[in-house]
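You will see chain A twice below: alongside chain B first, and alongside chain C after that.
Take a look at the complex of A and B:
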């Protein structure tokens, strides 16, 4: 792989849209994962022709290109492991059109999710995939990772909201994929191929998204369970009952302890907490959903059940889940919260035993793991809390992760629910999709013959996640972890 | 051998940063430049790299942590509870110990102009000014770029080239480009305080987007760290470059933590008097108050001003040159 000619790149994007100092390159070598890499240069194109010129230049000179939103990915998707040009897509951040009559909007990839929703809100609509990181996550990044969030149980992931897009191919050609209509029956749905492709096929430069009406009513409920299995059964039954919650979240004991310990929220000392929400335009319909969920929770020995339409009350109920992320970081001073085995999806009926498996595996290997997530969508999240200065803890994490993903496969689950693969989940992904790897590589080659787009990710990431790139942490001996 | 003794004590805290990036939207420096390496997360990554010798200490890598206004918004927003301000302070001290030259959002004294009146020492709320060899200098470890010293310096010896969280030259270039691209419009330049108007700014931005492409927005917005840091020369320069009006949006006085609102109002009053004496319409420079969480104050101040600039009889006035 060749280093780029900086002067040539400055001509394309303008001097003010390029950075190549040591400090800049070091920062753009990192994201929210455990990895660090080093780019040759960071550029911020502000027009589609600039992206086309950059790609044509990179393709001609066989230089890797790594498209990047805000770098909030947790699996190393945007870490430049083979050097190259980091495309900071935040320079393309305009909301181009909000078309209420035809129920779509067109946005550039650098638009931040929350900003899009602020723009849609006055029209009475919202863009629902919204991950927890919506305050910084860009639409381009969300599409690249097929992101979703707490309301995916009802509204789905990015894949369910994208109608079409404009992409720049590796050779610099710009093509339109998909449509602006709700239905489009013929031909290969190439726009869907882009979703979850993690920047390995093309550079998204515009997306056409559908949106849905903002509900007039939202009601949230909470139920506590003394046994994880009871919560798991309740989840399964709520879904099987035909109930359509807009949120169904699980918080396990480790997470409850973390929240209580670091934030003193006074959550009950139970094995699991379920949060459920229903929304809609008619209160009676919301009541119907909530009542059903409440009855099912009660039937499975759920206690302390309360529900509320009041915004402040809902905020109080949700506080335990909302504070979970920071609570895990503050669990114990010497433990770092690492994004490893950070997400997976399993059938609803296997949520409880997957959570149990995570706990048992963590105990066995002397690390701390929690199990929480958007269980109404089958999405399970974990974090590994460990002393990152100790080499033995990393080995323990490696073994635990392998065991957990083996379990996920055994229950017909899948490696990633919404965070993507990058490098940290690639070994599990490759094991799960072992019969598709050659086909995926053929698809990649058709789009990107020279393999310049985000190389070393997904099916092309190494089999050992620990050595896939340099880890950000340093051991006690001062060596790289 | 670099020691980073103080920074070393923060090793666990640096590890506890989960690099979520939730600090981005709160940082005035990041919001001005849009580069992740200028955001708080970027600074923590650089400090982590310096501490573990993954990157070397140079003016480039060492200066990042000095490009901070110490507002603390990142720390409040930090999902991991990382004490960013303390870390930055200690890192600054370690870096200064090495004797390396740094550049940042720091007050700079022109020794040719300083008359050693020591007024700036008295007003600096951060005790960042000290007297040495006949002039008053800035302690880069303590300076928060609040601008109190600039205001008080009667000799005009203190400058903040980057007090607006962006390069002065860059701002002037952007004003030039805006004027050039809006030849037939009323050209309004808005300097807005980051703290007071964030929700209002969002509202205004999207209202504008509903109606027109962003580049056709009838005003050019610069988000400043605090309206009190805006030097009088910049609104004047905007008029000189062809802007028809300049609006400075600030917090209500009782919501400003460092008297920035009062300083901004006083400064703009002086500028209006100057315009008046020069026979120009003083209404071309205005201030507006935008309370925190008020989603409409900003956009209504902009709309009122644009209406004024577009009203009959104002053409001659707005055609003045400075």
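Take a look at the complex of A and C:
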């Protein structure tokens, strides 16, 4: 792969939209993963023709291009591991159309999730895939990773909200995928193939999204369980009963401890807390769902059950979950919260034993792991809390992760629920999808014959995540972990 | 392309699962489209290894293979136009698992939609993509065409219900696509690429589907509109209001006439009838949606508005829509109902003017066309009623169809909503997706390098639908239309 000609790039995007200072390359070299890399240059195109020209130039000269939103990805998706050009798509950040009569909106990829929802809200609608990082996450990045969040149990992931998109191909051609209509069966659904492709197939420059009515009522509930398995049984029964919660969250003991320590919330000393929410246009319908969830929790020895429609009360109930992410970083001095094995999906009935397996495996290897997540969608989030200055802790993490993913595969789970693969989950992904890697490479080649789009990711990432790129940590032993 | 060796095939599937009599080849040569073709042989494998062996044999010997469910496709998807082997997938018709705790089921591709729903119903769930042909349509065929039906406005199409699948590739390899989990972001979503690929990429041998709770209450309403445009405005406003009907159907004047003539239903002499339905677990929630729809219909001069929860009354209200399809065949002596331009999707706000355009274009060309459909999903169904013994009528149909699809594209519509492309819609499809055809061919090649899977369909179908295959009609002029 070749370095680009800075003068050529300036001609294409304009001098003011190109950065190559040391500081810029440092910032754009990392995302929310454990990795760092180094691009040759960062460009921020402001128009689709500029993206087209850039791609044509990069393709002709075999230069890697890494499309990037806000860099909130946790698996190294946007880390430039082969140099090249980081394409900062936040320069394309307009909401082009909110069409309520046709129930779609068209947005540029750099639009931030919360901003889109602020634009939809006055019309009485919302865009539901919303991840926890919605304050910064861009629609392009969400599509690239098939993002979802706490409400995916009812409203699905990005793949359930995308109708079509405009993409720039590796050769610079701009094409329309999908449709603006609610249903479509017009040939290969290439727009769906893009969802979760992590910037390796084409550059999304516009998306057509559907949206759903904002519910008038929300009610949130909480239940504490002495045993993880009791919470697990409650989850399965809620699902099997045909209950339709708009949220169903599991918080494990490690997470409870972290939140209590860091925020003094006084959550009970139990193995698991379940949060459940129902929403709707009519209070009776919300009551119906909440009552079912409440009864099932009680039947499985859930204690301290509370439910509330009141906004302030809901906020109080949800506080533990909301503050979880920052709280984990303050769990114990010297322990950093690293995004490793950060999300996996398992069938609903396997949430509890998967959480148990995660804790046991962490104990065995002398690290600390949380197991919380959107159990209504089978999504388990984990963080590894470890002393990143110790090489031995990294080795322990490597072994623990391999064992945990082996368990995930054994219960018919999948490597990633909503964060994607990037590099950190590539080994587990490659084991899970071993029989599809060649097919994925052929598909990649159909879109990107020279392999310039985000190289070194997914099926093309190394088999060992620890050596996939430089880690953003230095061990006391004086070398990278 | 080569003919297969019958003895070899008998060894693979067993003598009892192979047919090559003249009558069998005739039956399996056609589907519900205007076309007929001729396969060399029909085989009905009973196991996945048999499918694998067949594909490996066909691939090695460059023999076309046409996967087929019940042959209810309307666009020629399963018509064997290059000879070869018709793969009757109804030999694989077991429901393998109904897992209520994990909210998925696993089925073989030959399972009939209604049979699956009969199996889910005792658990309190249903599989919603259900097309009108659900008595015969198979799950494999529905996935191959991204099928949907009257309830797609609320519950989506096949693509919204498929979690994963097992497919046999052209080379005989059997691989798992997607997952069993509710969410997943583990690399390219190849399972989604399969949905709507019409048997051209791989052979589906198992599908993992999600299902949704059966609603306890259903309420149906009807409103008559003197002008199509009034109905159109009501549709747009229902959508824009955030109303969530479980069904929203448009019946046009031609369809009303057909139903009245054939069944003496006494539907009013208006330009359009809207049927609307809401469903839910709680009656207050259903009332809320129905009242909103009813008010909006009234505000747009809808008359004769009725709503009912009663099953018999709902049946009576829906009778016109339900009997529409057979009624069209009895519209007038000598006129046959042909599946041409049979479904297109347009944005909600363009339903009325698209219906108007269809009627005007038909009038201009001396044919009769209906325009009815699932307007809650932007899906417009049409039939051309014509004297198929007259070559001039076929020519008129060709011109009318071209003009109508030009309109569909001009209003941001798409060629097919839920029936697929096959051959009859290939010209319109190729015009709509002109910039994607090479990319689709490259993707096809990645899956099926020798091009043995259902050749001559989609992007590889001829530019003129009338000469794509032999038509199942003979004109008085003594030659094929």
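To be clear about the criterion, the second predicted complex is superposed on the first by the 481 of 481 C-alpha atoms of A that agree within 3 Å, B and C clash if a C-alpha of one lies under 4 Å from a C-alpha of the other, contacts with A are read in each partner's own complex, and residues count from 1 in each chain.
FYI, contacts are C-beta pairs under 8 Å (C-beta built on N, C-alpha and C of every residue); 3 or more make two chains touch, one makes a residue touch a chain.
All values reported here derive from a predicted model rather than from experimental measurement.
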item	value
A:88 touches, of chain B and chain C: first, second, both or neither?	first
Chain A residues touched by each partner, larger count belonging to chain B or chain C	C
Touching partner for A:435 - first (chain B), second (chain C), both, neither	second
Contacts of A:184 with chain B and chain C, given as first, second, both or neither	second
Partner chain(s) touched by A:7 [first = chain B, second = chain C, both, neither]	neither
Touching both chain C and chain B, counted on chain A across the two superposed complexes	none
Complex interface listing, chain A residues touching chain B	16, 19, 21-24, 26-28, 30-33, 36, 42, 44, 70-72, 88, 90-91, 94-95, 98, 112, 115, 118-119, 122, 133, 135-136, 262, 325-326, 329-330, 333-334, 336-337, 339, 388, 472-474, 478
Contact set on chain B toward chain A in their complex	12, 15-16, 18-22, 24-25, 34-37, 41-42, 45-46, 48-49, 52, 54-56, 58, 60-61, 63-64, 78-81, 170, 202-203, 206, 209-210, 213-214
Touch list for chain C against partner chain A, complex	99-104, 123-125, 145-148, 152-153, 156-157, 159-160, 169, 173, 175-177, 179-190, 192-193, 195-197, 201, 213-214, 236-237, 239-244, 280-285, 287-289, 345-350, 374, 376-379, 412-421, 429, 432-433, 435-436, 439-440, 442-447, 458-459
